[in-house]
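These are the structures in question, set out in turn.
Note that chain A is present in both complexes that follow, paired respectively with chain B and with chain C.
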Partner chain A sequence: MSSAASVVSVRGLSVKFARRTVLDKLDFELVSGSVTALVGDNGVGKSTLLRVLVGALAPDEGSVRVLGLDPIRDGARVRARVGYCPDRFEVAERTTARDWLEFVARFYPTWNLAEQRRLCELLDLELTPRVAELSKGARAKLGLVAALAHEPEFLLLDEPFSGLDVAARRAVASAVIGHLREAGRTVLVVSHSVADLERVADRVALLEAGRIERHDELESFAVHGRRGVGLEAALLGAKQESCS
Partner chain B sequence: MRSKLDFTVDPKGDRSPSEQIASALRLAIASGALAPGERLPSVRQLALDVLVNPNTVGKVWRDLERDGVLESRPGDGVFVAAGAPTLCRAACRRELRLRLDEWIRDARRAGLEPDEIAEQFLRAKARRSSAARVGG
Partner chain C sequence: MSSVLVLVRQQVRESRTSSILAALATSAALGFVHAWFPGPAAVSEASALAIGVLAALWTLYFASDSFAGDSASGRLATLSVLPVSSRVLWTSRLCFVASASLAQSVWALLVGYGCQFAFGNARSLEHFESGLHSYAPWAFALPVLASAGILASLVVDSALSAMVSSLLLLGGLAAVLAPLTRAFASFGVDLRLSVGQAVAGAVLFAFALLTLGAFCFARGQRRLGARRVRAFHAAWPLGALVCVAGIATAAEHRRRVAVELDSPSARFHRASASIDGSFLALPVWHDLTGNQDPPPNVWLLDLDTGRRELLARPGQLILDRYLHYSLPWSFEKPQHVLQINSLDFDELEGRLELRAGVGTWSVSTQSASAGDLPFWLATRAVPAWASLDWERDAQGVRSTIVRWSERGIETRFPDAIPLRVVLPTLVVGRVLRLREQALVHHDLQSGSESLLLQGVTGETMWPSPSGGAVLVSTEDARIALDAATGAMLHTPWPREEWSVAWIDSNDDERVVELSAIGVPDAPSRILDLETGVEFEVERERGHGLLLRIAQRGYVFVRADGDLVLVDLQGRLVKVLVER
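After this line comes the complex of A and B, so read on.
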C-alpha cells in the first residue's frame, strides 16, 4: 500500500485520561475509498480515537497522520478536508438551524450551498426552526449536513444512526452512500447499529483494550461468525473467544 | 433498467447484503427479466438504489464476472453475458434446493412426519395455483 493512498496512518498512539490509559500503543491504517465501521464496547475509546484524528485531542504518545498531515500542527488544513459529526455537539440553542449552518460554512472554503440544499431535502430537514426546537433526530441530521456540505475527502461519523427512526436511518445511509459518488472518499463510522453498518460499511475495525484488535473486510468478519453470516454474530463470537 | 432489478436489501436478513444482491441478480437473469447483452446499472447507481456500500456492489459484479454471468466492456459498462441464463437457472435451482433442505430440517425438528411434509408442500402448491388463477 502506498502512503499516498493512506488516509489515516497511526503508529503507537496512546491516550491517557487521568491515570486510565484509553488507547494503548494503537496502530491503525485507513486506505482511501473505504467505509470502515469502528466497533467495540462502550467506553473502549472509539470516540477518543475519532477526536484524535480530527485534532480535537492531542495524543500522549505516538504519531498520527490524516491525509498526510498532523491533525494538531496542521489542524486548520486537516479540518478543511475532513468532515466530523460528533455524537453530541454544542450549538447556540436560540439560533435557527439555517443561521448555524451559515456560521459553520464560514470555516470551510469548499462549502457547497447546493450540496447543503440537496442534503436537507434528502434528510427531510427544515432549517427554519431554532436549534432548541429540533427533535433529537433533526439535530443529528443537522450535524450530518454540517459535516458533509463542504464535501470532505474524509468523513468521520460518531453514532450517526443513534436515536433515529427507520426512515431517518435510511436517509442517513443514503447520504453516506451518496457521498461516495466521488471516488476516493473515505468514511470512518462509529456505531452500535450492526444492521446499518452492514449496509454502509465495507470494512470493520474492532477496538478492544486500547488497540485495533482486528481490521478486515466486512465479508470476512461475516464468515467468521458463529452462524456463518452477520457482523453481529462475528462480534459476539469474538467476545466469547476472548472471554474464555 | 431499474424496474428489472427491483429488489431491496435487508441488512437484518439471514444472508449478507452481497449475497442478497447476487441472488436477486441471478433470479432476474434466470427469469428472463434481464436478457443477455443488457447493460446493468452502474455500481454507484445500484448502491444508491438499494442503499449498500458501492464497494460491496462492485465485489458482487466482480464475483459474477468471474463466474461468467456478467461481462465488463471497459469504458462501456457491465453486461449480462451470453451464457448467463443457463448458469443462473442452475444456481437458482441449487439455492432453492438448499432452502428446501433447510425448510425440511426445520419441519422435522418441529415434529412433522415425512407424509405431513409432503402434504404441506402439495397444499402450498395448490394455494399458489389458485391464487395465480384469481390474480390472473
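After this line comes the complex of A and C, so read on.
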C-alpha cells in the first residue's frame, strides 16, 4: 500500500532483458516534494527504472504506481502529469527547436508559455536553429524545456547534466531543480555527476544488483559512508563494501 | 486539435522533403514516358501503367518508412513519452501513410491528365482513360502493400529494408497459399475469386495485417527500444500461419501424392508384367474426389516372393502408344516409367528403365524431357514388316500412313485412326481396314481389297493387345476375328446380352472378358479363345486391372478388394495384396 504522500510506489518490480535480470523484486517509494538522486553503477538499471515509471517499459513482475496511476494502463495520463527528460533525446533533424516545443505544447493542457520562455532564457537556449544544428548540450536543454514547461507534478531526469557546460549545469542544478524543490514538486534524477547531485538532492537512493540497497537522506547517506565525507566517498565506500 | 491530427501534421512537416521529391520523381517519370513513347496509344497506355506503378511504389515507400527510420533513430521513443497512447501513435501513422499515398496517387493522376491536355489529343486521352480503367481493379493491392509495408517497418531498421521485407512477406504468403488453394481444389472447393471477392479478400487481408501490426506495435510500446519484442509479436502469428498452412499443404500434398498398395483408397487400372511373368509394374491411383487427381505411384511387385518396391512417386507407366495396353518387358526390352515432379505434375524428373532378369530385376534412372517422349513410345500391335505414322495433311485431315519399308511402299489412309481403323496384320503386306461399315483386307502391293464382314457398326474396331485379333460390333452381335485371316475366333456374342473386351496380357494370347448386360452384380467370365477355357470371376469393377500373365494366370482385384493371382482355370493361386 502506498502512503498518501507517495508519488511513486513500487513493489516487487522485476524487469528482464532476454535472460538478464536488470531489476530484481525492487521496492521503492518516493515521497512528495523530495528531490531524490538515483545512483548506482553503469548498467545497474537506473534508466530502466525511470522508463518503467513513465510507462515506456512494461515490468515483468511487480506493481508500479505513479501519482496513484498504473503507468502501463494509464500511460498517457501519467505522462500528462509527469515530466520526463530521457538520456537520449532524438527529434527530427529538420525541425527547429521552436517548432518542436510548439508541437509538444499541443499535448499538454498545462503548458506554460511563460515558463518555457523563462527556461529558455535561463538555459540560454536558442529556438531558431534546426535541431540538426544544435550542439549536444543544446539538445539536452531542449529536452529539459520540453519536460518542464508543462509544470509537471513529478519530474524524471535521466542524466540531465550530460553534455552541459559548467554554467548550464549550475543553472539546471540550482535554478531549475532548486526552483522545483521550492515549489514542492517531486524530482527523481539519475546522474553520475555526484557533485551536481549533492547540490540538488535531499535524498539518495542507491541501486545495486537490481534492488534499492539504500534510500536515505543525503546527509545521513553521506555520514554513514565509511569515509564519512560527502556523497562520492559514501558511494565509493558502499562499492568497496559490496566488492569485499 | 486531436492528438492524432497533431501527430499527422508533424509527420507531414517532417516528411516534406521526401513528399516533394516523390512528386517530382512522378512528374519526371511521366514526362519521360511522354517524351520516349511514340504514338498517342503507346504513350497513353504507358502513362496509365506508370501511374499505377508509381502509386504502388509510393504507397509501399511511405508505408515502409512509417516506423522503421524513426524507430532506429530513437525519434519514435521520444514521441512515445508524450502523453498519448500507443493507439494514437499507431493511428496517426496509418493516417499519414494513407494521406501521403493518396496524395501521391492523386498527384500522379493530375500530372497524367496534365500531360494529356498539354501534349495529347482526344484519341490519346481516350486511350489514357481506358488504360486507367483497366488498372483500376488493381487498386485493391494498394492497401495490402501498405499494410505489409507498415508491418515490415515495425521490425526492420530502414525503409528500404522494409520495402524488400514486405515484398518478401507477400511473396512468401502467396507461395504458401497458392498450393493451399490447389489442396482445397482437391476437395472440390474452388478458391478462385471473382474481382469483387478479390477486393474484399484484399481488404480483409490488409485489415488482418494491420491488426497484427497494431498488436505488435502495442506490445513493442510497452518495451520501448526492444525491437525484438515487435519482431517477435509480428513474426509469431505470421510464422504460425505459414507453419499451419505449410503443414496442411504438406499433409494434403502427401495425401494426394502418396498411396500405399494396401490402402483402401488405392485404385488399380493398368499394369505391365515382365515377359517371364515374374514381376509386375503396377501403377496405383488415388481414389480422390477432386478435380486435379494426381498421377499414380508406380510399384514393382514380385509375384513369386510378394516383395514390393516403390519405383516412382508419382510416376507413369509408358503403355502401348496406340492401344494403351501394357508393354511386356524383359532385360532386352525395358519398361519405361516416367518420374513426375511431385509439386508440378507437368514436369518430368526422370525416366526409369525397368528390366527383368531371371528371378531378378533392375532399374536405372535416365534423364527425361517431354520432347523425348516420342522416342520411348512403342507398340506391340504393329508387325515388324510395317511402320505407322499419323499425320495431318494440308487440309487438316489426319491420315494413317502405313509403310512397307522392304518394298518401299507407303500407303496413306485418310481420316483413319491407326490400328483402330487401319491395322497391319501378321501377313506381310496385308492391312485390315474398317471402311464404310465393312471390314476389308487391303493389299498394299496391289491396292486391292477383299471384303471380310459387312454391317459393322461404330467407327472403330478393337484390336487385341498384340494386334493379332480384333473385336467388332454389328447390329446384333459382337464378333472376334483373326486380323490376318479374318476367321471368326468364337461364335458371335449377342450384343444385347454380352459386353466383350480384350484382356490385357504379356503374351500374344487372345483372351476376352464377357460381362452380362443388364445384370449389374453378375460375375464376369474370362474366356481364352485359344483353349476355350472359361470361368467366372468376381472382381471389383471399380478397378480396371485385369491382366493375363503368360502361363501363370490372371491378376485382378477381387470383389473383397484384395489383389489376387488366379491360375488359368480361375483357381486362386495367391493373394498378392491384402486390403
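Assume the second predicted complex is superposed on the first by the 232 of 244 C-alpha atoms of A that agree within 3 Å, B and C clash if a C-alpha of one lies under 4 Å from a C-alpha of the other, contacts with A are read in each partner's own complex, and residues count from 1 in each chain.
Please note the rule applied: contacts are C-beta pairs under 8 Å (C-beta built on N, C-alpha and C of every residue); 3 or more make two chains touch, one makes a residue touch a chain.
Since the model is a prediction, treat every value here as computed from it, not as a measurement.
When chain A is checked against chain B and against chain C, the one touching more of its residues turns out to be C.
Of the two partner chains placed by the overlay, neither chain B nor chain C lies in contact with A:Val189.
Within the superposed three-chain model, A:Leu30 lies out of touch with both chain B and chain C [touch as defined at top].
Of the two partner chains placed around the shared chain by superposition, chain B is the only one that A:Leu180 touches, whereas chain C remains out of contact.
Using the contact criterion defined above for the overlaid structures, shared-chain residue A:Leu57 touches chain C, although it does not reach chain B. Shared-chain residue A:Arg94: touches chain C; no touch with chain B. Once the two complexes are laid over each other on the shared chain, residue contacts for A:Leu218 go to chain B alone; chain C is not touched. Once both structures are placed on chain A, no chain A residue is touched by chain B and, in the other complex, by chain C.
Looking at the complex, you find that chain A touches chain C at residues 17, 51, 54, 56-58, 72, 75-80, 84, 86, 88-92, 94-95, 99, 103-104, 106-108. Interface of chain A with chain B (complex): residues 33-35, 170, 173-174, 177-178, 180-181, 195-196, 198-202, 218-219, 222, 229-230. For chain C in complex with chain A, the residues that touch the partner chain are 1, 3, 6, 10, 13-14, 16-17, 73-75, 77-78, 80-86, 88, 221-226. For chain B in complex with chain A, the touching residues are 9, 11-12, 14-19, 44, 47-48, 51-56, 59.
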